[in-house]
Amino acid sequence: MCAEEVGFVEKYDLLGCIQCGRCTGGCPVAMRTPLNVRTFMYFTQNEERLEELSENPDIWDCTTCFTCAARCPKGLEPLEVLIGLRSLQIEEGKIQPTVRDALESIFKDGNPWGSPRAKRMDWAEGLDVKILEPEAEETTDILLFICCTDAYDTRVQKVAQALIKVLNAAGVDYGLIGDDESCCGAEVRRMGEEGLFEMCDEENVELFNSYNVNRIVTVSPHCYNSFKKEYHELKHPIFHYTELVAELLEDGKLELEKEITKVVTYHDPCYLGKQNDIYDEPRYIITRIPGIDFREFDRCRERSLCCEGGGGKMWVESESTEERLAEARVMDAKEMGAEIIAVSCPFCLLTLEDATKVKGIDEEMRVIDILELLAEAL
Amino acid sequence: MKDIFVLAEHRRGELREISMEMLTGAAKLGGTVIAVLLGKDVDEFAEKLAGFADKVLYINDDMFENYNSEAYQKALSALIKEHGPGLVMVGNTAQGVDMAPALAVELEAPMVTDITALEMDGDKPKPTRQYYGGKLDAHMAMKDADLYILTIREATFPAEEPSKSGEVVKVDNPVSEEITYRKFLEYVEPEIGDVDITQSTLLVGVGRGIREDKNLPVAEELAEALGADLAASRAVVDAGWLPSDRQVGISGKTVKPKLYLAIGISGAFQHVTGMKGAEVIVAINKDPDAPIFGIADYGIVDDLFKVVPKLVEKIQELKG
Amino acid sequence: MNMVVCVKRVPDTAESEVHIDGSGKDIDKSRLSFGINECDNYAVEEAIQIKEKLEGNVTVISLGGKDSDEVIRMALAKGGDDAIRLEDDAFAGSDAFAIAKALAATVKDLEYDIVFTGALTDDDGFTAVGVTLAELLGVPHATYVKDVEVLEDGKKAKVGRELEGGLMEYLEIELPCVLGIQTGINEPRYASFKGIKQAAKKEIVLKSAADLGLDASDVGEAGSWAAMEQFTPPVVGEMAEIFEGEPEETAAKLGDVLKEKGLV
């Protein structure tokens, strides 16, 4: 634990930046906040300015959508510089009380929502689910990782419940962790709390590796991304539920009996789409439902407009009062004639649904997870 | 049974209700009840207390013009040593808890705080108090001693009508030295914002269950639909989601609206004390064991985020 | 300014169900999370803020088992300098008096200007340790403190106590003193995981009852003013009339009742 402190310049390869501006040029939040990640790439080269830069509230506007990194011709990751600056604030303890509370809650109760661990399985009351035993002799095909937001948020609990309905209908052999399930730490890292993220990584890897399963399937793309790309020494392969469900449909394990004659569009989550190239499976699922009139956003796939749910935004208010990206997004959906925006991420679900309420179109526009749509068609 | 001392409490020209409550409770225990009053120009209070006590001992002195726990402790200590009561009752109030434990140490008198129920075993109290924010009652066994001290929670003993005519005795201040190490400076009133909730007829009380200030609109909608004002528990005010003048409870306001609709409030004593006088109390809380259901008239055990929006709809429907 | 902060590790019962265990003298803690007592968290922040303003030393003390180290380390990570933990089987069953005696025995040998405690705890809520401690140490005190300002010479402090109704009582108190801190006095900072791990390198001095010169009659139940005999669920008055059903139904029933009563 005694690694030499690596400076910003070296850690983020700042001297490789040619200041071309493609990062800021593609940054979705630059549309509504003063955040200019390109200037941060430049000024952080001066170690003496780091403290001052870390106190700039703009760094908390970043949603970590990854557009800047995807566009950078030098393969740099500007968002990581912002996360690095957040770390400096974290180590000083100078963060917004809402961020503090979320992090303390993860440390104490394994979820960022301030809810007791003992209530983590309340969403599954009355449902037929199996809880896995560590070191079991029998192999269970899938370890299903639920996600704190699905477990505790009353709106998103419906998604977890829909997932169970779908998996049970398809006769999938899966099991859950139960009350011992703890936060994946994806947002912890993005809020700059490296130390706490390492704890999540270590503890979760030890727990997951103790299960006798073939693979791990997550509900949230954020959990998926962290397990797949950031965790160390995980034994099992990681999948997102859209991959699993697409497979079930292909194999004919699900009977879609009911028609849903609605105009549906799909919002690609940053963490599933542009960060992990999973675009086709969700579309496959939606278009397999009889009756669906599927339409694409103009900004779809890699160009999908970030909903502003990630990067700690669930706990950090922006100073900007300009229209939120989610609000623009739902109005785009309305303009194209969509009645349903299908999502596959709990944060997208919450931010887009909130946006429909703010815009007053929540009566005519539903925001639901693909699983909820699918469950209705069963 | 030995005599019982009851320390009367007053502030800024008002005799506080807890004084009469404790006297009423003490009167039922069997011993001679002696009210002890320290102040400056408190003759009127002494007369009033005489309606509730067998005897009133009071001191008029500049030293007691404003509350000072050190002065109170010294005076009480002297009076107790002189008169030899077996039990001393003090209010479990900001004044009381600031003094009683120190007195207990000085006089080697076992003390239990925040009593919510009391039985006597001869001269020995068998008090009940609460743990875990009111979720459990705890029955305490006190050590044997010649003198006991108890701090009594407000509203534990209901105050009744005065029925005694106690002897009023003015005594000299036994404390001769001025207290220099703790001096009263001034009182500062809390700021009143745009709404004085003590005057509101309808209140929606918001507690921790609201989770974050982002969710306040849920409560605001309900308040608007009802035509009510918003009130808050301490947790909500500490977090800065609502201003302190909306706080209901021991360290906030006491309100007596026609309706107090508590959402996401557990009902810990400190809050309840401020709103239990409401005519109709309704509670919405996920936790079936929340103490608030014990004082509410009507309740819904469910997630407020699920129920409140439906309630708003229903109210709008009823209002037409 | 030399300061001492007394902290306690308590179960988080605010939103959890509390169940009495088999003995009737304790609760089932197996499914509860633990953390620092809420008032103590504010007390730690207050001490650290004063240290940042006036320079000085903050000693963190906790009476508890090894698990309390977690809470101590968090306080050290926030800026505490050194720590003492009081551990002894004999402390079991201690009430505020016995706890205060152990704290007094520890503190009396330290150089201190202010001793901070939380005004009350989330578990037993005795609201007495701070004031008891002050009397044992022979220093002035104030509790329910919501404002602290150390005055110029460092020999006095202007202290605001929060009374019923939110009224503030300001007093001037000579140092050294004991202050019982109430919630809301400040905004506690965050202690990062790395910071806590760094703090783990600091030694936490352990002291037993014997180390403190306390004998059997000073500690535990024997040293307490009262023993907790038995927990029972609270007796509630008339229980509320609870509406049953789906949110739509219960909301409708409630709405009707409110209308009936002329409240809508």
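All chains are identified by letter, namely A, B and C, in their written order; residue positions are counted from 1 within each chain.
Rule of thumb we're sticking to: a residue touches a chain if its C-beta (ideal position, glycine included) is under 8 Å from a C-beta of that chain, and two chains touch if they have at least 3 such contacts.
Owing to the predicted nature of the structure, the values given are computational and were not obtained by experimental measurement.
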{"item": "Centroid comparison with chain C (C-alpha atoms), farthest chain", "value": "A"}
{"item": "Higher-contact pair (C-beta pairs counted), A-B versus B-C", "value": "B-C"}
{"item": "Interchain centroid distance [CA atoms averaged], chain A/chain C, Å", "value": "37"}
{"item": "Averaged-CA centre spacing for the pair chain B and chain A, given as whole angstrom", "value": "47"}
{"item": "Distance between the centres, which are taken as Cα means, of chain C and chain B, whole angstrom", "value": "20"}
{"item": "For chain C, residues that touch 2 or more chains besides their own", "value": "15, 17"}
{"item": "Contacts with two or more other chains, residues of chain B listed in rising order", "value": "303, 306"}
{"item": "Multi-partner residues of chain A (each touching 2 or more other chains)", "value": "97, 114"}
{"item": "Residues of chain C defined as touching chain A within the complex", "value": "12, 15-17, 31-35, 78, 187-197"}
{"item": "Residues on chain A engaged by chain C in the complex (per definition of touch)", "value": "1, 90-91, 93-95, 97, 99-100, 103-104, 107-109, 114-119, 179, 193-196, 198-199"}
{"item": "Interface residues, chain B side, partner chain A - complex", "value": "211-212, 214, 239-240, 303, 305-306"}
{"item": "Residues of chain B touching chain C in the complex", "value": "11, 66-70, 92-95, 97-102, 104-106, 110-114, 127, 129-143, 180-190, 202, 208, 226, 234, 237-238, 244-245, 247, 250-254, 258-259, 266, 280-283, 287, 289, 291, 293-303, 306-308, 310-311, 313-315, 317-319"}
{"item": "Touching residues (chain side chain C, partner chain B) in the complex", "value": "13-15, 17-18, 20, 27, 96-97, 100, 122-128, 131-132, 134-136, 140-144, 158, 160-174, 182-184, 224-237, 239-243, 247-248, 250-252, 254-259, 261, 263-264"}
